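Next up, some structures in structure tokens.
Two complexes follow with chain A in common, the first pairing it with chain B and the second with chain C.
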Partner chain A sequence: MRYLQRRLVHGMILLVGVSIFCFLLSDLAPGSFFDEMKLNPQISSDTIAALQSQYGLDRPLPVRYFRWVKSVLRGEFGYSFAYNSSVRSLLLLRSRNTIFLTALATVFAWLIAVPLGVWAAGQPGRWLDRICMGGTSLLLSLPELVLVFAFLYLVIRTHALPVGGMESTGFEQMDSCAKLWDLGSHLVIPVATLALASLPLLMRHVRASMVETLNSRFIQSARAHGIGRTRLLFRHALPAAANPLISLFGLSVGGLLSGSLLVEAILGWPGLGPLLLESSMSRDLYVVVGIVMASTLFMILGNLLADLLLVCADPRMRVT
Partner chain B sequence: MGTEATARAPKTALVRIAALSKRYSQAGGLMGKRFVVDALRGADLDIAPGCLTALVGGSGSGKSTLAKCVAMLEKADSGEIWFEGNTIWPGTSKQLSRLRPKIQMVFQDSASALNPRLSAAQIVAEPLEIQNLGKRSQLRERACELMTEVGLSPDWADRRPLEFSGGQRQRLAIARAIALKPALLILDESLSGLDLSTQAQILNLLLDLQAAHSLTYLLISHDLTLVGQVADFIAVMHQGKIVETGNRQQVLGSPQHAHSKELAASVRVVEEAYRTARVGIER
Partner chain C sequence: MSSDMTGTRKMITGAVLLASLHFVILLAGFVAPNDPATQNRELPFVPPSRLHFVDARGHVHLRPFIYRWAPHAGSFNEYDESRDREYPIHFLVAGTQYRIAGWVPARIHLFGVEEPARAFLLGTDNFGRDQFSRILFGGQISVAAGILATLISLGLGTLVGCISGLYGKWIDEVAMRFAELFLVLPWIYLLFAVRSFLPLHMSPTQTFFLLITVIGTIGWARPARLVRGIVLGARNQNYVKASRGFGASDLHLMRHHILPLSYGALLTQAALLVPQYILAEVTLSFFGLGVSEPNPSWGSLLAILQQYNVLVSYWWMFAPAVALVVVSFGYLSIANAFHERLQSVSI
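What follows is the complex of A and B.
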């Protein structure tokens, strides 16, 4: 419990540090949300100055920062100039879509990577292992971008799936089954891309960890007792090989908010990706800070979850 | 080859190994050139029941490979292995699974030979669990009995391997090895890496267990001084072959093969150095 408290305090300090860093960087970056307005002859400089004053942008950086901290404590996380709403409402809606997408892709990637990695490690050097290793090498060498474009090319050629977005026009009028089908068909490309992008790394980690464990003496001892192959792999080897995989799982959870930004932006998925892109381009400061903070929070929680899982999974951690 | 070996071997041998060969090959280099190591080149050995047979030889002579082949952890390329008159290599998986509990192995590094995630009781009880030899509570009770037999307190049943000292871990490994009442215990450098006092304690424990359970030992060791004290028979291994076998007086007293002579001479050098050092200390 004390460990948990200490980790939470560390997390809070990290969040404060990241928020200060974000504000400093945004202050150093050239331009502001109102620069584009200055080019518009219909908007007077007085109006722009009034708007800047209204949002507190004419104040020094520390004042702006503390005003933002106050709004965080109120649960608003600042104000979006472009959307004219609190950042919280924007983040809640967009992060829900992003998490839905990335969680699905992460589950798929792990469900494929673990059995495949264990299976490949059980027969290293054989042709099936070689196919797996060759396949993952190919996937590792392909950037996410290439995978998305390859899928898009296929879909455009075959018309088998919708090309982008999250739902088709007239989605609200559809019945439940049709809605589910529509959502599923929109999910195929982003989920497949994200799962294939993370699969090789996960599978190689599982395989490497399992190969190392399978060569250890206690596995040989277990074999000498006549233990069956399945029990050997899943009761002895996999739990012993799990520690690096649990840490990796923590990173996967940590990347739930930030791992799909590019794919979302390309495929028009209404998640945090397009929002971050738009907000960065228009210098919508508090939205950018909000997204960065949310991603950091997920990373901290993911690592904390991994550490807690490690304590549950490995009795040695409880001893130390 | 196997028939000839059978004819050569004494009828009383618990384990009979005839013309055993094992080659390891690994692809390497940019051109995929295969590296080949002949670990065993037609090794022949008989292990007498109820005795301690020591397998000695330099590093890379094939001792551990031979032991792993007998323990059915490695598959030989050719040759034959009999155990209590039954062929275990080449043999069917049904034969192997029936005979496997009778041959157990204790490794050198007990820290890595025990699953770090399991408790002492789970480690000792696991062979019994695999063979379906009782319910969970019975298995734990039996594990505690075995721990007591090897000199470990049953109060430590819930401790993990890393909470034990090196000697205690080796006792735990021995408890696990004798759980299935094996006929043959292979001690692969099991006494190496322990301090002299612990080594002596473990050795005494092994000799007590041998007397109590009529165990046969195959001891693999680099320590010829130790082997000279405890082995009934010694087999000298060199470049994948058994080059000389006999009782310890024969092999260490009047060795025939050049490699055995070198090994025996090294024992004498060590003993002489030890005596000189002792005299120096006593003065």
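What follows is the complex of A and C.
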């Protein structure tokens, strides 16, 4: 528990560090959200100056930072110039969609990676192992960008699924069953892309960890006792091999978030990705900072969750 | 023994594949039959030129030839081969001027056909620009970005790793906390955030160098930790202590006794980082934050796939993706081979 506490403190320091880093960068950057307005002859320079002072953009950096921190403590995370609302309300909805997508993709990726990896480790060098290793090295060089277009091509060609966004038009009028079906059919491409993209790394780690465990003495003795292969693999070897995999789960959150940004932006999934792109283009400063903070927070939470799982899975962790 | 042999063979295969790819990309102007920026507005989305050996009259030609594409009467973006004249393919022909690897001006192309026909090996894009030539020239930007950004990352990482490994104490503590920060952040988010704070409209060369600096700087943490680990391991070895006892300076120790240990690991790291950074450049260019038109990059070439009608109708627009995958595959297999080699040496 002491360990968890320390991790929490580390996470907080990390968040503060990231926010300072973002603000420093933003200060170095030329131009602001109001640059486009300056080109507009209908808006006087006084109006722009008034707007800038209203948002405090004319203040020095430390003042701006502390104003932002105050607004974070109020739970607002600053103000979006483009959406004219607090960043929090924007982030909440978008984060929900992103988390939903990445969580589902994670579940699918692990559900495929663990059995395949374990099975491949059970017979190293045999045909299944060879196929898995070959497949993963091919998949490793297929980035999300390519995968998502391949899926899109198939889907548009066959008209099998709706494309783009999260829900069809008229979603509000559907009954709950149809709603679920609609959401599900929109989920197929993004989830399949993300799961397939994170699959090879997971599978390699599962296999490596299992191969190491299977070479240990207790597995040999278990085999000598005549325990069947499936039971040996999943009941005896897998729990012993699980620890590095659980840590990997925490580390893989970052990669998944990065991938989801791309997939979301291409498919128009209303998550954090398209919002970040949009606000990057229009220099909507606080939204960019907010999104970077949110993604960092997800990473920290993912690692924390992995630590908790580790404590649950491994009794040795509870002693210290 | 046998596994060692296959490992070596794998490494050689990967190296040959990569070397030839880079050679072709470096000599893009020579290999490409057309100028990448020349537009043929009357020929948008022309399919790849077909190689023929038998002409309309049934004569067999030893030298392959192509027909010109002519717009199909009464329809848009559909083409027929106009069979009234054959255009044989000649090798080493004079054509549009280009610069070899960006320096030496030249006019000789590997192959080409007589005017007014054009060889479109992979068709054309929406402005009638030759896709094959654009992929080659785009490769120059994307691959160079990947390699240069990797060099920046490795340089920064080695510097920080050496300092923090050798001097330890609070320097080490601070550097490693920073490294953790950079490691856990989802890198695309960071990349976009940093890019968003930089001016959008710049000259292509400025943008290019800015891009590689940003990409390379964000990735310093992993090589830094790698080098730090190696330095820490080597610092207390007897031969290093002996050398120090003889009065060797820190710089001498680093250069002659400690850093040579890290070359293998750094090389593996480089082979892993290059495809990742190529992908980073491609991603940024894909969203229009990279090098701007008319300079092609694999990312900006792929951006047109976001139009669903293009995605479905013109398969040759996928070609940059194939190039990207092949290059990443080459690098990753080399990295794999290096890794296996290193492990077998250390055991």
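Heads up, the rule we're going with is that the second predicted complex is superposed on the first by the 305 of 320 C-alpha atoms of A that agree within 3 Å, B and C clash if a C-alpha of one lies under 4 Å from a C-alpha of the other, contacts with A are read in each partner's own complex, and residues count from 1 in each chain.
We take it that a residue touches a chain if its C-beta (ideal position, glycine included) is under 8 Å from a C-beta of that chain, and two chains touch if they have at least 3 such contacts.
Values in this document were obtained by computation on a predicted structure and should not be read as measured data.
Chemist: In the overlay, answer first, second, both or neither for which of chain B and chain C A:N303 touches.
Modeler: After superposition on chain A, A:N303 lies in contact with chain C alone.
Chemist: Taking the superposition as given, does A:Q220 touch the first partner, chain B, the second, chain C, both, or neither?
Modeler: first
Chemist: Pick one for A:S279: touches chain B only (first), chain C only (second), both, or neither.
Modeler: second
Chemist: Touch test for A:S26: chain B only (first), chain C only (second), both, or neither?
Modeler: In the superposition, A:S26 touches chain C alone.
Chemist: Name the chain, either chain B or chain C, that contacts more residues of chain A.
Modeler: Of chain B and chain C, the partner in contact with more residues of chain A is C.
Chemist: Touch test for A:P60: chain B only (first), chain C only (second), both, or neither?
Modeler: In the superposed model, A:P60 contacts neither chain B nor chain C.
Chemist: Using the superposition on chain A described above, determine whether A:G75 touches chain B (first), chain C (second), both, or neither.
Modeler: neither
Chemist: May I ask you to decide whether A:P239 touches chain B, chain C, both, or neither, giving the answer as first, second, both or neither?
Modeler: First partner only, chain B.
Chemist: Can you check the complex and tell me which residues of chain B touch chain A?
Modeler: Of all residues in chain B, those touching chain A are 27, 68, 71-73, 97, 100-101, 103-105, 107, 109, 112-117, 119, 126-127, 130-131, 160, 162-163, 173, 176, 180.
Chemist: Looking at the complex, which residues from chain C come into contact with chain A?
Modeler: For this pair, the touching residues of chain C are 180-181, 184-190, 192-200, 275, 279, 282-283, 286-287, 289, 302, 305-306, 308, 311-312, 318, 321, 324-325, 328-329, 332-333, 336.
Chemist: Which residues of chain A touch chain B in their complex?
Modeler: Of all residues in chain A, those touching chain B are 125, 216-218, 220-228, 231, 236, 239-240, 314-316, 319.
Chemist: Residue numbers of chain A touching chain C in their complex, please.
Modeler: Checking each residue of chain A against chain C gives 14, 17-18, 21-22, 25-26, 28-31, 137-138, 140-143, 145-146, 149, 152-153, 156-157, 163, 253-255, 257-258, 261-262, 265-266, 276-277, 279-281, 283, 288-289, 291-292, 295-296, 299-300, 303.
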